[in-house]
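Consider the two complexes below, in which chain A is the common component and chain B and chain C are the respective partners.
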Partner chain A sequence: MPAEDHVSPVTKHNADETAAPDRFLSLQALTKRYGDTAAVDAVDLDVRKGEFLAMLGPSGCGKTTTLRMIAGLVPTTAGQIVVDGRDLTNVPPYQRDMGLVFQSYALFPHMSVAANVAFGLEMRGMAKADIRARVAEALQLVRLTGYEDRRPGQLSGGQQQRVALARALVIRPLILLLDEPLSNLDAKLREEMRNEIRDIQRRLGTTALFVTHDQDEALTMADRVVVMNKGRIEQTGTPEDLYERPRTAFVAAFVGRTNRFPGTGAGEVVHVGGVTMRCARPVSGPVEVMIRPHRIHLDGSGERRADDNHASGTIIRTTYAGNVVQYDVQAGDTVFNVEQSTDATGALVSVGTAVTLSWSVANTLVFEAAP
Partner chain B sequence: MSAAATAQGPAQSPRGTTFTAATLLVPILLINAIGFMLPVANLAVISVSEIRSSGAMTGGWSIAKWTTVATDPFYWELLANTVRTSLIVTILTLIVSYPIALCLHRMNGAWKSILLVLVISPLLLSSVVRTYGWIAILSDRGLVNSALAALGAQEPFRLMFNLTGVMIGLTEILMPYMILALLAGFGRLDPRVEEAAATLGAPPYRVFWRVVLPLSLPGVALGSLLTFVLAISSFITPKLLGGGRVFLLATEVYDQAIVTLDWPLAATLSIIVLVVFGLALAVYTRILRQIG
Partner chain C sequence: MDERPISRILIWLASASFLFLLAPVLIVIPLSFSGDVFMSFPPSSWSLRWYASIGQHPKMIDAFFFSLKLAGAVTVVNLLIAVPAAYALVRLAPPGAATLMSVLTAPLLLPTIVLALAMLIVAARAGLLATPQGLFLAHLVVTLPYALRIISTALATVPIAVEEAAATLGATPLTVFRRVTLPLIIPGLVAAGALSFLVSFDEVVLSLFMSGPRLSTLPVEMYHHVESRADPLVAAISVLLVLFTLFIVIVVDRSLGLARTFVK
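For the complex of A and B:
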């Protein structure tokens, strides 16, 4: 298996930032400025060996620029890129040993699949027989044995992406860099490739950095997720951290669906358009309140605790989506989006029905409103 | 869309499409027949016509010109000379045009448009004017030799009225065509693919040899074909810069038709030029199939 000779097979699953700060990849105040605008603004980030890290953010947030700086394709404006104790900031891309997988695959259209995968090994001056063996190994890894002589143009999108993956992995890269590798695939294939990339990465123990704008991809694949916005890191943490304990309103809104209400804090309670609710921490002044739709219960559903928040309202819209039903509930001046999982025996609550909503204080996230 | 409509659609459209395509082709077919096929047939007829020494046609037939051309080593040498000169001009044009085309291909925005216009602008001048421009530069007292003399050169370099002058002039005159053809053929060049090669360990020169050059071959083939054909048929530049000392098929056709008034020989040589074109096209098609 590629990469086993210089990468520890140990994979760390739960990222605990205080334990053994293994800084395999370390970005220090990494900055990229185009004219006056900073595409990447003093980003600090440490990645452990063998870790699968996702960089998540909307387009233009600087995640791809960061990745391309690590690959050496974009010169840095300031800051440092250190890998395994070695400063790579000014090393040209062809001496960095990074395996990059592009969104557009970027296969060599004039070469066979085998020649594509062999390219990186050839550049390293490896003997022909060794190259053949390593290429066969890599193609087996991505389940493309038998496709050696095909041209990229004769393959499907998923197959091309697997060739690109094999081509990047066969050189046993220091870090596997994936730039939105699944965006050009259809939904079903995307899910399949998600698991495949994850399995291969775990098996080889390769450190991987995955850039995506798709929060599902980030949450399901990564050990740790970095949420970026406007060239800065908003929050770094496990998928659970980001979803349950978002540190900023941006993270709460970007990771997962959420109700988002403007409100006014008054100590332990917040007033939101005619509804008063208690929140986890004392706040005052203008705030933003966020509640996940599936954490709100209708009438009898779910466990009820005495100290839950409540609101009475009327259902104004019902949207059936197979696995879930979405209800829009008017309570006071506020429309709550509520999501319930469906059940073969359960009936939909029809429009116009008066209901009582309840949700726990822990699920009532409040953030200082942006000035 | 109903099932009946979907079933009917494909059955109907090919017939309609063929008809429309045929109709659209009629004008160009007419122009081609009147402007090209007919004259070429006429050339063939002239090439086997008998003439008196005055140049007047007798109305009889003769294959004398064909046998002359086939047996006289002068014409074989003329053919070899023409093909060799055109090939050298093609290669020179390719070498000087390729970096310009690659640079243009990679540019964006306003600068790309400005430079593209600059590249094409020589085509706004007739090649006669441009050839005279080269005379001003290449003559014994021209720009180059004056500069060399100022630097201490004793004798002026013979840069024109010989093959060197013809090749210099033709190379510059054909560059815009080559650059445009290269640009048209650079479609497969993708900066991401070059980046992929770099991250896999290829330094810039190896990226060029292994990725950029192979992917640009369709453009190279197209540009070379175009330049070769234009070089072989070019007449004014060899005539003026060659000063009557450079013999090529095109200039010979002119001399035979206008000076000697030997139309059958001129027609015979013209057909030979046409055959060379056909061969060049055949080679191009083969190369394209191999690299495609």
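For the complex of A and C:
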């Protein structure tokens, strides 16, 4: 890329600053406002080269808008998008070298598979013979060799999405942008494609940004996950960080299943509807307490420590789901959802049985209650 | 085929309605082979004399070629206006696009006679009466709404994501239109073109108001002929027109498939 031609004094400064490999993509106070509402509100984010980053959040949280701003399809209101030291904020989409994969595949229906994949190379004025070689290579990568002459309409959803992936990757994009690419596929295919996308991304070392509302997808695929809510980043971290050490109630509730109780903090302990439990950090006033269902032990199950939290209650509902059983346990005024993994010899505990629950202090997450 | 009685009744009903709609057209065919001097049904004798006599009416032939050229020009200019207009209304969606679309397609709903009268007044003032330019503009006004509607619909069915995908792959806006949008709306363009051509070629009321003794279109010339003489000449011309129209429809059908073109 003839970078020198484009680089203004301002971007040159950025070039020096962001040459570090851990700031390959850098969003700086990126903002998108529609009228008075901010769809994306001053988002700062750095992505390493070769990293697979997932942006996770409910619909309307601004994750797709952020991705579309990076692709250049949505103009920014404020802030900067810097890639590899180059300020792309005001560069039109056709000069950005981003590979975008859409939820709807967005293949060109009037072109063959080969022509779809070749399109980006043609736009770059590449020689015919080179295009053919690169297209063949890309189709081999997504295991679609032999489908060159098919039309998109003759392919299954999964095949179409693989063509879209090949079309985006063949231009060797700066960043591979994936906008809910698996949402239109059925469950089994989705899992297959997860691994496939992940493997291809690792093999090519492409930096990838993956937008999804599916926490499983985000946790299983990404090196790092950005959780967004209402146009802001709630937390950025590894999947384990988010699951085990959520910094906000929103992240705790959005990533993984959890019990969620309103409570009152009184120093080291929290009172939750007739149950008193100790928590990892001192709190006071109205709080929200979150405990993952599978981190609560029923009676003798699991290893017990003396300083665990305890509660006594009665089972009011039993839900058998094959690999796990879910129990609803009434303790005081609170209903705990408890999840136990099953094994062939274990018997289900029936409704009405009195049980003792125990869980560790570390698994008692406490957050200031939302005002 | 379904064997339920209700569907058989429907088929009968449909056939009856078709017959009712097409009967007048079908009667023209035997009439055109009449050997009589006057139009009467059924003809008392058969001949090809009325087909042969078309050649002896140079005004009729001139009018046919003028109608052909007029419809051709109207179709081309129509598409040149309608494609960018539809693109602006659908893709750029400026404020008030819906209102603008209604205004632009209003001539579809207006009684043609009102339109014709208005145009007569305007054309008379501008000195465009009985000129090719006047007829051209009048036909453009009545055919543009059709083209605009059809092309807008065609454009609206092209997913924006497909155009965005092309843009991210390095295509400039003009290339996106040329390589992606345009090929995808070709069925709409053909439909809009065919419809513009046929509407212009068939147009009577406007042409009647706007033409003069030295310049008239084929339908107007036929109308004048029937007014003065009731011979089966117009029947012979009508049969040729039906064949011509069928030819256009078949060409459209062969190139794209009728269902895909006219049924959205």
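Quick note on the criterion: the second predicted complex is superposed on the first by the 350 of 371 C-alpha atoms of A that agree within 3 Å, B and C clash if a C-alpha of one lies under 4 Å from a C-alpha of the other, contacts with A are read in each partner's own complex, and residues count from 1 in each chain.
Basically, a residue touches a chain if its C-beta (ideal position, glycine included) is under 8 Å from a C-beta of that chain, and two chains touch if they have at least 3 such contacts.
Not measured: the values here are computed from a predicted model.
Partners chain B and chain C clash in the overlay (superposition on chain A).
In the overlay built on the shared chain, the residue A:209 is in contact with neither chain B nor chain C.
In the superposition on chain A, contact of A:96 is made with both chain B and chain C.
Shared-chain residue A:193: touches no atom of chain B or chain C.
In the superposed pair of complexes, A:167 makes contact with chain B and with chain C alike.
Shared contact residues of chain A with chain B and chain C: 71-73, 92-100, 102, 104, 106-110, 119-120, 123-124, 164, 167-168, 171.
Chain B meets chain A in the complex at residues 188, 190, 192-193, 195-203, 206, 210-211, 214-215, 291. Within the complex formed with chain B, the residues of chain A that make contact are 71-73, 92-100, 102, 104, 106-110, 119-120, 123-124, 164, 167-168, 171.
Across the interface of their complex, chain C is touched by residues 71-73, 92-100, 102, 104, 106-110, 119-120, 123-124, 164, 167-168, 171 of chain A. Those residues of chain C that touch chain A in the complex are listed here as 159, 161-162, 164-172, 175, 179-180, 183-184.
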